[in-house]
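Note sheet for the following structure.
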Amino acid sequence: MQARRLVVPVVLLPLLVVVPWLSVDLPFVLPGALDSPGSLQLLALCLVFAGVALSYDLLFGFTGLLSFGHALYFALGVYVPAIALTEWEWSLPAALALLAGVAIVVPLVLGSVSLRVTGIAFAMVTLAFAQAGNVIVQTNPGGLTGGDEGIGLNVDPLPDFLVGVVNTKNLYWLALGYAVAVFLIARAAIGSSAGHVWRAIRENERRVEVIGLRPYPYKLLAFVLASFLAAWGGFLWLLLIGVTPEVTTATFTLTLLVMVVLGGAGARFGALAGGFVYTLLDYRLRNLAGEERIQELPDVLRVPLSEPLFLLGALFVAIVFFAPGGISSFPARLRSLVHRRAAKESAS
Amino acid sequence: MSAVTALRVEDLHVYLGESHVLQGVSFSVAKGGVTALLGRNGVGKTTTLRALMGLVPRTRGTVEVQGENVTRLPTHAIVRRGVGYVPEDRDVFAGLTVEENLRLSERGGDGRYDLVYDLFPELRERGRQRAGTLSGGQQQMVAIARALLNDNSLLLVDEPTKGLAPLLVTEVAVALERAAELATTVLVEQNLGVAQRVAQHVVVLDGGRVVHEGTAAELFASPERVRELLGVHGGHN
Amino acid sequence: MEATISTFVLLTITGLGLGAMYFLVASGLSLIYGLMGVLNFAHGAFITFGAYVAWWITDQIGGSFEVRLLVGGACGLAFGAALGALVELVFIRPLYRRPVEQVLVTVGLALALGALVYGIWGADAKFFPIPDWTLDTTTILGANIPNDRFVEIGVAAVVLVGLIALLRFTRIGLVIRAGVENRAMVTALGIDVRKTFTLVFAIGGSLAALAGVLSGVYYGNVDPVRGTSLLIYAFIVVVIGGFGSIGGSAVAAVAVGLVQQYANFYVADWLDWSGAGDVSVMLLLASVLLLRPEGLAPKVAH
């Protein structure tokens, strides 16, 4: 147990830190050598989504709040700084300060409304608010959001080390820092007294009320914290990819849900792993679709195999059916497979 | 054996959430008459009936109805083998009329409406009234009527007199006696007066198990035994 | 003045036409949720697939526009019903008593089926064969109303009456109404509600497909995101109308359609922003929840 705890800080983290200096080929998994900009960008995205998935898991896995609007807060992180930097030509610190404020105020307001209802109604209300965000972005009010086109980010206010292909490694480290920060914040939050109440709410909200606690402020806290963390993931997306309206769609929120369930809801490393693996798979499957041996298949195979989202959706259904704990349950499953006989004996 | 046993329960275990509510309940009920299932508040009487009906998941145990093992059957299939259920909170469909409540429970299109309306004439008059607007006593009549409408061989009745005015308690007791002529009845009843009046056999639960089985006459003849097993005074209403 | 009235009439009837489509989607969602506690995200795929199958059939057969549309529409409906029943039997039923997993599975299906539509028919919109008379207008109170609006409203009205009749006067309807109130007690009366679940999914699937076909008539085409965009408004209708209530869905669908149209014209004009209509609907939802958290027509009892 002790040894397993040390695996991440002692082995995995340093390994992730030195990735941009490793000129190793990982054929099939990555587009080029580890230190190539293409690979680093992909890995950086994986890390961003590891963090964003964990932020979503604070809501879904740890507090039991099924939100369908998390994309909205990610999108704030994409659009708010982009507009401030490009349309208003603010400095980077000013734009980030604005994002910090917006990423607290918006979830505070929308969360306090959505949390008046529970369960499925909550899911639908969060979906509706996120859809409003999508409408706002698509309809381009005052020419601010750029509609379908998005915004060509004004990079002048950005420091040089964040701009250009040669600096992808810096973005990679930034993404790694983000994932680590989300992890540490999530761990602290889950371990705090509020975190205990979150889990109690997830298990049985009524029992929380019976012991005299109001679940509402705790749920709101989870909502605001999760949204705030997701917004910074959005900012990194802005640096890595740019402004694209897809980040405001309901489908985007659904993919966050898929990541968390893929990794294992309510398990910190699960969500991280889910976000990471999903992003990698998504990329791989996209490439696979273009490959000749797929294009040559008969239609019944070619069509589904060419649609990454079809395969990911199907994978998701399979996980829900056959491996409800997701990736994070794999070690335990493996162990129980190996020790099945021993476990049987000790149980009887 | 199967010819005389209406219900046999063997080593029934049920968990509700984390609590191990039934910890090996075993008893059997001979054909005919009323068996009272007794026990202190919260001891698991309702859970036992719900487990027999397949309404709560059972982790272990066997249930046989008329000699047939029904443990693995879904609720509706158990009911179709001739089991009528009157739940603790009546659970009439509030938005449906009295007549619709009855029609819904009718299996096979030959409901014994004459019997039911004979026992509870009020229900005929209130056929078009929504069940949610009935008094508690009238709702109880609907609940019992639903179980009597079909030709069931076993009735599971959970606290039919709970919260009723004394006059209605008598009416329900009369209905139960009538029902017992038609089907073997397992009756959960806190009102020991009613239990004493209608039951021939008793099964007492405590600590998730059966702690006493015997005839009603024998149990109620000994107030000390009643107090010891049920924590109340015999004859208490 | 006259222009104002005619504009208002046009907006109202167009709003009702939109509301008609929302109602068709929402009534199925609401019945499924009311009876089974399943929020069916795959409903959007029922809409899109229904519309595409209808389009595909119209493309294969000859005859007048009316005949092609009727035959295609019928095939779309049948496909929607079959898809709904299949989803219930294969994916929902094994997860009985695991409501969160049921929702997750419908999410996975929504993603997978949505992607399949792209894969099969591509991203471009397909044009629906629309009879000329639906494009003509009828003048009411000075307003020139495109005739297709009456088709949508008429079909939804027929469906509304049909659903109410089904619920009121048939045994299946009785079981559904009772099941919405208390599913466990229905099984305790010896009724196999699972059959009803499959049926309700089939009804929901066919109504969703019908909404997809009507949207094809309304917009003149069908595109791969049609289901998703209609579904979100249907969700809002279900929340506002109360789960499990057909009447509530009808009222809420009309309210949402009208608010959207009015705001789309009046507010959008005033703010010079075309998103006003859609965002007003979200605000309507928020205000209903603040005033009546349980929706307009909550489930009976409790």
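Structural remarks
Here the chain labels run A, B and C in written order, and each chain numbers its own residues starting at 1.
As a working rule, a residue touches a chain if its C-beta (ideal position, glycine included) is under 8 Å from a C-beta of that chain, and two chains touch if they have at least 3 such contacts.
Not measured: the values here are computed from a predicted model.
Chain-to-chain contact here is organised linearly: an open path runs through the chains from one end to the other. Among the chains present, the centre nearest to the common Cα mean is that of C. If each chain is reduced to the centroid of its CA atoms, chain A and chain C end up 31 Å from each other.
Work out the mean CA point of chain A and of chain B, and you get 53 Å between them. Centre to centre, using the average C-alpha position, chain B and chain C are separated by 44 Å.
Looking at chain C, no residue sits in touch with two or more other chains. Contact residues on chain B toward chain C in their complex (touch as defined above): 53, 55, 74-77, 79-80, 85, 87, 91, 93-96, 100, 103-105, 107, 132, 146, 150.
Chain contact summary for the complex, chain C toward chain A: residues 33, 39, 41, 91, 94-95, 100-101, 103-105, 107-116, 118-120, 228, 232, 235-236, 238-239, 243, 271, 273-275, 278-279, 281-282, 285-286, 289-290, 293, 295. Every residue of chain C that touches chain B in the complex is listed here, in rising order: 171, 174-175, 177-178, 181-182, 184-193, 300-301.
Within the complex formed with chain C, the residues of chain A that make contact are 66, 113-114, 116-117, 120-121, 123-125, 127-129, 131-132, 135-136, 138-139, 141-142, 250-251, 254-255, 257-258, 261, 303-304, 306-314, 316-317, 320-321, 324.
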